[in-house]
Amino acid sequence: MSVTTARARTRRGWRSASTWFGAVIVAIAAVCAIFAPLLMPHDPFAQDLGKRLLVPFWMEGSNPAHLLGTDQLGRDYLSRLIYGCRISMLIGVTVSVVSGLIGITLGVLGGFLGGRADDAVLFAITTRLSIPVVLVALAVVGLLGSSMTLLVATLGLLLWDRFAVVARSTTMQVRNLDFVAAAWCAGCSRFRILAFEVLPNIASHLVVVATLEIALAILLEAALSFLGLGVPPPLPSWGLMIAEAKDYMFFSPWVIVIPGVALFVLVLGINLLGDGLRDTFGARSDS
Amino acid sequence: MLQFFVRRLIVALLVAATVMTLAFVLTRLSGDLAISIAGPNATQADVEAVRKAYGLDRPLIVQFFDWVRRAVTGDLGESYFFKTPVSSLIAERMPVTLTLGLTGLVIALVVSLPLGILAAVRENTTFDRAVQVVALLGQAMPSFWLGLLLMITFGLQLGWLPISGTGSWEHYVMPGIVLAFSAIPALTRLTRAGMIQAMGSDYIRTARAKGLSRASILLKHALRNAAIPVVAIAAVQLGFMLGGSIVIEQVFALHGVGFLAWESIGKNDFPVVQAVVLVLAVIYVALTMLADLMNAVLDPRLRSS
Amino acid sequence: MSALLEIEELAVSFGNTAAVRGASLSVERGETHCLVGESGCGKSVTALSVMNLLAPGARRSAKRLAFEGQDLLGLSDSAMAHLRGNATAMIFQEPMTSLNPAYTVGSQMTEVLRRHRRTSQRAATDRAADLLARVGITAPGLRLGQFPHQLSGGLRQRVMIAMALMCEPKLLIADEPTTALDVTVQAQILRLLARLQRDLGLAMLLITHDLGIVARVAHRVSVMYAGEVVESAPTAELFAQPRHPYTQGLLRCVPVPGRIKRDEPLGSIRGTVPRIGPGFEGCAFRERCDWADETCRHAIPRHRASRDHGFLCRLPA
């Protein structure tokens, strides 16, 4: 007998509030990403050395044309922030799609077929987990030069492990359920079972993983760009903005605070949304 | 039991072998290494000379097996830049990275375990929610940004801690905290979940029926079972920290293995990059085996076949 | 002389659900008192509330709840903890999960004794080995060093019993101790409990849903239905002259070899156990009773058929 106490009810309520908060953040980010050219007050690449390091609006002596101030080359911070949002979201989503395709395929095949195939998939996952991801990503970009395509491909080829693990475990659970056995008995081919019985039932878990992977990809890209081996300059990745501002952070701390806060809030929002989705779908096994 | 470990060992060796291959392929990705080493101003003759000197004219397969043969005996090649054996370079820098990793792990455990236990005891109260919020914030925090913020606040404005280098134990405090931040969310959640499950179990009801003290029930009976997965994950987290320390080492100018790898990428020093990837992977594999071993030690059910 | 354990009008609720609405019974020194009823009638909750082992959200109240004359309701948790495992002990239904898998049998047994008495580890171990032998476990020295997962279900339950006896309790509460065991093991455990009770002068409150067990070991029985004790009597008298319609129905349901004829339908009680909401008045059995009438909607008086035999019904029958 599970009795819903008042405490448990308020906890679920809190969950929804934070989930909605996350959803709002993600929505704002998506709007910024899609409508960036319309929302940016200035050209994010336009330099104006006469207007270097202007302060944001909450400090004395700010310029109303540049709400968040300018960076060390006179570029409008707000515009770069919005464009950076587009870059982060773009990378996050595309990496998630690539790694999702790889990971889900591997996980479903391993979980469904079992035996040798499963052993091979587990081996691949174990190997992937032992590879130092940041280092390898840095090495690839360092050796082959930075470009968006290369970055997405590299991260996509490195971040599929959680997809694979969750796809595999959920497929194994579903495979053992009665309705799959019923379909099998009814003469359905393995492909049909996979497509119509297994995949729809694991989809919700994978959506949760996808949101968390987007957040992870965004953080990784920021770290790589911070080290100068991520998104190619002059594209205003938030990580790159923080790196460029490092030399000035002692005198003008807002130059690293602003993009950092943006990064933090976006990742937090995505995580909250992912957690909320996980609670909605009742999937507790994905952490 | 022994059979289980032998099997794990074989898998571990296969993983190491695969990583060795991948590391080799990684450095050969950019095409002709000789050109990169010789530099932008080299003539064709220079490039040829370099190629012969570094044995890059041999077939790839030969180069690969040479690398494997030497790596197995501990010879990880010679750095193009430093002209010294890579293994000694790594050995020199490893203490810094290990100290950093262990500091991070210790801080993470010191924070996560009590928080997780208290959150479980006060499940669904404001405190519990606050702990979960902290876990969420930690997950979203970009580590390099946190490092810079700490640097500004504690290093410069307050002047409490040094902001770079490796002179004393104080140098490891801020980097250690940043590293810990990446592990605290997972460890706290795991401890909390484990404790909640343990506290709801039948053997805890028996412990209460025996009239044992609250402390004994919580710490002796519940924690002992809840800690099993936490200890295993902690070992794995250490592996991640060691692998991911490259960013922190760069931010705080700590000359560890990650920093070495970072510099070597910039200088196209391929033997070093190749070797560091392999070494970090081997350490990770060793740590996961250690985690399995600790699982077996802590959970009596896994010991007898 | 007052009874060892006195429960009068015990009421336990979880949120809006009342699990126990009025349980009254008493256990004398050295007697086995069985509390019998179907699943969900509140018998386990009654047992747990004596030891105050209920879940955090539970509310407990009673006209009287006393052990050896001492009131248990007002007792703080730490004072209660001194009684638990000491003067009163409890064993549970699931022996497979009731022992901590991380510690040896020996350490789990000795810790009870060392908690409540000043004893050396040596003396505690000796007593543990002694008790293991008493409950019929061979090679006790070996067993003390083993872990729970190395023992079968029957063995684990014997260990639980031995562990409960470490501090020489006066009252043993056993919540369906044999339900999860094989039938042959059930019989062994019951015989063991009966023997221990005789040898140690132990009082036992045995919770069960099995009338066969009641017939075999109980001195007195209390029948529980929908959160209330509806009848209470010495065993022989209950079986010979059941007064409450529910008890009568229950006894009709038990097929007795030799007495039941061929092709005779098995007895049953029509209807199902009702959900009791707050503010319920009257007899909970009225929907299923052949003799119910309007007055059954109001409070039912407690009748006494004899000095020891009480029941909750308006019918003097």
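Labels A, B and C are assigned to the chains in the order they are written; within every chain, residues are numbered from 1.
To be clear about the criterion, a contact is a pair of C-beta atoms (placed from the backbone, for glycine too) under 8 Å apart; a residue touches a chain by one contact, two chains touch by 3 or more.
Since we're looking at a predicted model, the values are computed, not measured.
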Task = Please identify which chain has its centre, taken as the mean of its CA atoms, farthest from the centre of chain B.
result = C
Request  = Per the contact rule at the top, check every chain pair and give me the one with the most C-beta pairs in contact.
outcome  = A-B
Inquiry  = Need the CA-centroid distance for the pair chain A / chain C, whole Å please.
reply    = 56
Inquiry  = Need the CA-centroid distance for the pair chain A / chain B, whole Å please.
reply    = 22
Remark   = Residue numbers in chain A touching two or more further chains are 5
Chain C: positions in contact with at least two other chains = none
Request  = Any chance you could list the residues of chain B touching two or more other chains?
outcome  = none
Message = So in the complex, the part of chain A that touches chain B is made up of which residues?
response = 5, 7-8, 10-11, 14, 123, 126-127, 129-136, 138-140, 142-144, 215, 219, 222-223, 226-227, 229, 239, 242, 246, 249-250, 253, 256-257, 260, 263-265, 267-268, 271-272, 275, 287
Ask   = Of all residues in chain C, which touch chain B in the complex?
value = 51, 53, 78, 80-86, 89-90, 92, 94, 97-103, 111-112, 115-116, 147, 149-150, 160, 163
Residues on chain B engaged by chain A in the complex (per definition of touch) = 11, 14-15, 18-19, 22, 26-27, 29-30, 124-125, 129, 136-137, 139-145, 148-149, 152, 156, 186, 189, 239, 242-244, 246-247, 250, 258, 261-262, 265-266, 268, 273, 276-277, 280-281, 284-285, 288
Query = Can you list the chain B residues touching chain C in their complex?
reply = 201-203, 205-213, 216, 221, 224-225, 298-301, 304
